[in-house]
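For reference, the structure is listed below as structure tokens.
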Amino acid sequence: MAKKSKVLPIYVLSGPNLNLLGLREPDIYGRTTLAEIGQMMARRAKNHGLSVVFRQSNHEGELIDWIQEARTKSAGMIINGGAYSHTSLALHDALRALDRPLVEVHLSNPFAREEFRHHSRISPVAKGVIVGFGAQSYVLAVDALASLIKGSTG
Amino acid sequence: MAKKSKVLPIYVLSGPNLNLLGLREPDIYGRTTLAEIGQMMARRAKNHGLSVVFRQSNHEGELIDWIQEARTKSAGMIINGGAYSHTSLALHDALRALDRPLVEVHLSNPFAREEFRHHSRISPVAKGVIVGFGAQSYVLAVDALASLIKGSTG
Amino acid sequence: MAKKSKVLPIYVLSGPNLNLLGLREPDIYGRTTLAEIGQMMARRAKNHGLSVVFRQSNHEGELIDWIQEARTKSAGMIINGGAYSHTSLALHDALRALDRPLVEVHLSNPFAREEFRHHSRISPVAKGVIVGFGAQSYVLAVDALASLIKGSTG
Amino acid sequence: MAKKSKVLPIYVLSGPNLNLLGLREPDIYGRTTLAEIGQMMARRAKNHGLSVVFRQSNHEGELIDWIQEARTKSAGMIINGGAYSHTSLALHDALRALDRPLVEVHLSNPFAREEFRHHSRISPVAKGVIVGFGAQSYVLAVDALASLIKGSTG
Amino acid sequence: MAKKSKVLPIYVLSGPNLNLLGLREPDIYGRTTLAEIGQMMARRAKNHGLSVVFRQSNHEGELIDWIQEARTKSAGMIINGGAYSHTSLALHDALRALDRPLVEVHLSNPFAREEFRHHSRISPVAKGVIVGFGAQSYVLAVDALASLIKGSTG
Amino acid sequence: MAKKSKVLPIYVLSGPNLNLLGLREPDIYGRTTLAEIGQMMARRAKNHGLSVVFRQSNHEGELIDWIQEARTKSAGMIINGGAYSHTSLALHDALRALDRPLVEVHLSNPFAREEFRHHSRISPVAKGVIVGFGAQSYVLAVDALASLIKGSTG
Amino acid sequence: MAKKSKVLPIYVLSGPNLNLLGLREPDIYGRTTLAEIGQMMARRAKNHGLSVVFRQSNHEGELIDWIQEARTKSAGMIINGGAYSHTSLALHDALRALDRPLVEVHLSNPFAREEFRHHSRISPVAKGVIVGFGAQSYVLAVDALASLIKGSTG
Amino acid sequence: MAKKSKVLPIYVLSGPNLNLLGLREPDIYGRTTLAEIGQMMARRAKNHGLSVVFRQSNHEGELIDWIQEARTKSAGMIINGGAYSHTSLALHDALRALDRPLVEVHLSNPFAREEFRHHSRISPVAKGVIVGFGAQSYVLAVDALASLIKGSTG
Amino acid sequence: MAKKSKVLPIYVLSGPNLNLLGLREPDIYGRTTLAEIGQMMARRAKNHGLSVVFRQSNHEGELIDWIQEARTKSAGMIINGGAYSHTSLALHDALRALDRPLVEVHLSNPFAREEFRHHSRISPVAKGVIVGFGAQSYVLAVDALASLIKGSTG
Amino acid sequence: MAKKSKVLPIYVLSGPNLNLLGLREPDIYGRTTLAEIGQMMARRAKNHGLSVVFRQSNHEGELIDWIQEARTKSAGMIINGGAYSHTSLALHDALRALDRPLVEVHLSNPFAREEFRHHSRISPVAKGVIVGFGAQSYVLAVDALASLIKGSTG
Amino acid sequence: MAKKSKVLPIYVLSGPNLNLLGLREPDIYGRTTLAEIGQMMARRAKNHGLSVVFRQSNHEGELIDWIQEARTKSAGMIINGGAYSHTSLALHDALRALDRPLVEVHLSNPFAREEFRHHSRISPVAKGVIVGFGAQSYVLAVDALASLIKGSTG
Amino acid sequence: MAKKSKVLPIYVLSGPNLNLLGLREPDIYGRTTLAEIGQMMARRAKNHGLSVVFRQSNHEGELIDWIQEARTKSAGMIINGGAYSHTSLALHDALRALDRPLVEVHLSNPFAREEFRHHSRISPVAKGVIVGFGAQSYVLAVDALASLIKGSTG
């Protein structure tokens, strides 16, 4: 089974408003679009022998559906929950049931922003968290996740 | 009208991640699947001369749509709001407008778990609450709701 | 031992001011007296092959004495702690040491009342909680407890 | 019925540690003993054509028993709940069910003392509150209660 | 000096909106006007050999001016700070510097009303507090104050 | 009586520092002076067949005096309480006793400013609230108030 | 570009349960239906030379999709977020990225209702807020928005 | 008088559920019974020329009665208030009036347990506190109290 | 303009109860009267080539009127807001609009007194704060203000 | 290994300002110097066959260095963290890694002092706590620690 | 002794990061270096016949050592605790034991900065506080301290 | 200058108790020692053409000294503040003045541990944060920092 799971893709989910990347408040979120980040991640994952399923939704329920799907169809997950990170217990519960290595990312550093962004419902159920490096956060997360997957299956 | 409403079914709604029942954290939620609970409830409701509409969704908006539907199409409701129970004012408002007997259930006992599960936005608008008896919570809820419906219409 | 405990009675304890049932604020607590509830429970318990020890006290200490007594003399307990539910750590400790299936009940739905009734010191040490169905709460609790006793001994 | 209730006595209840009056911290509570206060009140009540039932207990449950007794046996009540004033929801509930004019008194002014004495669970269910005048608080309370009884029955 | 202070009048100050008494929300504040209360108090004070200076203002600063005046011109004070009771540290400071027996009164029972009326900035610097008896609160306050003045000078 | 009240003017009260309008922090409050706003409102009110009494004060007590005056002399009120909005229970009480349609306005949007401006003691006793449109807030308030007056008297 | 944006419609979005308008709790929300409000707004907008896109959803994600659409397809927005107003950081973020004049409306006055309705996540990113005037709130919002659009483009 | 008080016994009071010692949760409270602790203390006290009055009650009121008794009948007190330690202002008041050296003990270390056990109403009125050493806590308390009694009388 | 403003006086405002200086609680506030402080300041200001306008009021509104006056008539301000310092947002707003160097002073050290004196609404809009040196606080404030005026105009 | 650790000394660490013992606030901390306490402890430890390493530092870092040293060089530790007890998570972490029996002591009873001394970061990682008996606290701690060491090794 | 203490120097202590003065964030802290401030203070102190011991440390423990040294070697102290002002109870305790006139200074006005700088652990044990005047704060502090030393010894 | 700064080393600082890595609680912190992490980082940095200065201290003041040193001697910094992360405003201030790219790391995921580890004083002044990947956190931080240095200088 460990062997088999190596060939499963990693799921990369992005939450509400992240489809506006590159358009919305570029001084906070940078000018790279989400599509470009997807391409960067696919390249990086390939280096680790991994493929990427890359999705975005503004719908909390759809994100939960995808997390549930990933329970059997993925080798691990990288998630940027957007604003749902700070409020969604439903995402928290879905991720707790994921049973796959999980990395949380944010483009900006939420701890340097408004108080209500300092607390994430996702962080306590993630293995690790990487924030503040813009698009680079996602790329580092691929490295981190690859290493976790190797660790848990290798 | 009272007569007519007797033949309306009861709505049983389950919120996010409850479709994972039997798979997710069985030591908290037990090994019975949601489908099996649906069958147990149907049988029990039949004893009371009632039928059951049994639905689950991870989407807050879909749950609200169904609650609105139940305003005219149901004789009463049993709801397990899952994690939305603790955060959703929108569910609270929808249920307040339901105008039908309402029973809240939980499989586990939320008061014996994390602090953030101690407060439910649904409880104040429910007639009564039954928690902690696993699948049995749902069956007891059918008895309770049947008795409420009889009381309000009989 | 499992066999023997089957013939032990269930203890049903009611806390302060519950002796006023049927007299005090009938629109909140209903018109059934506590004695009538005792009779309803005895009948229901008999269906499950169980007998009932039914007591009420306004004295926190006496309730604790009874809970300690129930450690060896009962098969399980149903408790309505009344106002002590919200404040008594001593009841909490006594019930934690009970080591028997425990069901908490309330006649009214405390979550639809004053803030200070939203938190119960008993709930976290109970197996399950049933509130809001008036005298019916107690009857449902007998069903729930019978099922728990069977589960733990059968 | 209004006529009959006129001849019922008024109940004056004192809570924990008030039996130490005159002995405990005289600079806060004065040097008059509780028995002397009882005599002052009896004399004052007599002026209003009223008699006094005067009791003290350190036991919360006993105070509740007496309040319940007063539901049918008294024309009104004056209560100094002592330290239970600040913590006892059970007293609160018992007094709410009293259905007789109720006056809360304290010898000292709790608002000039420790923070935890600023909040009384009795105040919201009393008609009025008189604090800070030492033994005189009780005498003023007799006047106030007599006037309330007259108002509600005369 | 003690002798002399006996002939000084007592000051009775009423704060904002109390001039509306008898007009504003009569189910909370009763139908007696402030002028009528002034007359009741004058009569009662006369029984104790005291006269009354009776004033009302909607202006916090004017109330402070009067309290300062009372430092040398009064034998004691009765104050109903109205809504300023709950917010005014300036009144608190002025009254702390009064150096005369001080009784706080309220017509209604603030502890049975909104949360923001539960805390008075005046209470901690008063000798005693009388609330909830309508116009009768003021009359009882005259008795209480007369007794305090006698105690401190007699 | 309904007829008569139609010819009564509407009262427009402005609280502390609003006399500095056009001078103080123009990027928050704009460059229109209070006098100019008064003229805009008079014109607009005339369209609805209404006249305007337009006053400003830095004195909380004076504002209360005017609100009390408006109980009999106005058909309705528009108020910008300035900083008193956030702290004054006395204004709250006065307005609760006003018994006339009441509209609260602010030039700036307080919810986009410091935390202490997010809570208004006036809002809960107003019929409606209009904020954030600069001088236009006042003009919209005239329309809203005219419509309320018509509704309550027409 | 300013010219072009004049011909774009204004978006009017209504959140969860607002489709029940006229049916749900009419003493709070009035008897006008949402469709009727839509028609009133269309007429009013026409007066300002504007057209209206009028939509309602119970789905948070769908509201976000529409707000993102409005970034390029609308001249401005009026939003009643319903219960999501009080909890949704995701709506907050979407609206912050809207870059069009934004007016928040509510039918009832949330500040006169439960505590949890006093805080809106939408208010800090709106230009202005209009609440409490029932269907009239929406009509006033059209006037306010028209004036903002003119101001920013005229 | 100092001489006389030497021959008075020390009072050792144990609060609710401590009679279960050795039975209840032995990994927290150890396996020594309360009776055995009483014997250990009697032996140790004898070394210091002191005798022990050793009592336990689940009744708050009875504990208060005993503390009042100890005002004249004991040379000092050791108390383990059990769960009442964390909630009982009445015990706090009784102990403040004790006027004898007072040592608080706990078997377990409350600071390493649930949050609600971190705060004791007894600690501020005790001379010293000894917690966490199981039955040994009581023995050390005898040494400490003996030394305090000697210090205050010797 | 810089030249001209040099010859403007400095305004020294004192808030409620400060007219009692030397009389009220001398162990906190010292025995120097406010008039004497005014003379000390005038002498000190003269050394810096400055004159002093020295005023006290118990009226919040009057203080605001004077602060507004000082916008054009003063070179800078020293203010001791008394108890209004801790509560008055209206003073805060007025001082924020002052646009002149501002120094806050207190005779006593508020941080060594009751909790409610630890927070000043004036401090965040002052350039600097000097507290705790009695009358000397005012004199140091003259030096500080003179230096600020020189800095901003010299 | 158990044998070997018996001959290891016990470490007694005192935190900031404890070197001032006997000099600083003698009515709180007594007149015994720290050196004298060291000698008392050495004598007492000798009775148990133990030696003492006795150190004090005002430097948080140095205390941590010593705690780390004690991981291999001591049989157990007694610590009075002084003011660092209430704030230092770094001490907390160091002590959690100590892996030796640990007793916390304080000379005074912190629970009878300022609020900020009621919470110790050391208590939750100590085996037991002894406070309030002055120098005697340290001596009792030697007895307690000796008994713990014997228990864990004997 | 009073005479002798006149010739003792004053200690001026600066806490963490103040050695960066003139380099770090000059718009908050100004461009004057700490050494230059030392020279300004020495000159000013000389005017008062006083000398200055001027030290800075980033080490909390070293600051405490110096404060203890100052108990016998200084006539008074001026301290800028830097960030330790807001967190260090150990500094608080050391300064409370200082027994010399103490003045707290800050270059910037902490009340106009982040919330966590609004509370100083040093302020309650200082005689007075001077903040916000940049380097001038220190010079004013020398004047203030000189006057305190003269007052306490002259 | 940009060229020159490339050859400066990166500083890697570790706070209190991190020298125990590999020894202390290996299930939380792993079995790799700090020295081994230093070697891993040196190798990784070399790949980016960077060298590493690698230091650990239990002393807050020493960490501050090193951060100040790094202002001129480093190209960027990686810091694991250990327990000081959660409490030290002094570190916060020092890092804010660093003016070099800063990455915060933690071995474990603090958000999955005790509440008091959820808040870091370092995070708001860091560019980005990487936590939860054990020793791998440090290696990823080298990649992240290298990329930041390149970005700011390249």
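Just a few scattered comments:
Going in written order, the chains are labelled A, B, C, D, E, F, G, H, I, J, K and L, and every chain counts its residues from 1.
The rule we apply is simple: contacts are C-beta pairs under 8 Å (C-beta built on N, C-alpha and C of every residue); 3 or more make two chains touch, one makes a residue touch a chain.
Small disclaimer: the values here were computed from a predicted structure and weren't measured.
Minimum number of contact steps separating subunit H from subunit K: 2. Of all residue numbers used where subunit B meets subunit C, over half belong to both copies. The two sides are thus made of the same residues.
Overlaying the C-alpha trace of subunit F on that of subunit H calls for a turn of 180°, given as a multiple of 5. Its interface matching that of B-C in over half of the contact pairs by residue number, F-G stands out among E-I, F-G or C-H.
The centroid of the Cα atoms in subunit C and the matching centroid in subunit D are 33 Å apart. Inter-chain centre distance (subunit C to subunit J, centres taken as mean C-alpha positions): 47 Å.
Averaging C-alpha coordinates per chain places the centre of subunit H 56 Å away from that of subunit I. The residues of subunit G that reach two or more other chains are 59-62, 87, listed in rising order. Interchain contacts (touch definition given at top) occur between A-B, A-G, A-L, B-C, B-G, C-D, C-H, D-E, D-H, E-F, E-I, F-G, F-I, H-J, I-K, J-K, J-L, K-L. On subunit B, the positions that touch subunit G within their shared complex are 59-62, 64-65, 68, 71, 87-90, 92-94, 96-97. Across the complex, subunit F meets subunit G through its residues 109, 111-112, 118-120, 123-133, 136-137, 140, 143-144, 147-148. Subunit G makes touch with subunit B in their complex at residues 15-17, 19-20, 23-25, 57-62, 82-84, 86-87, 116.
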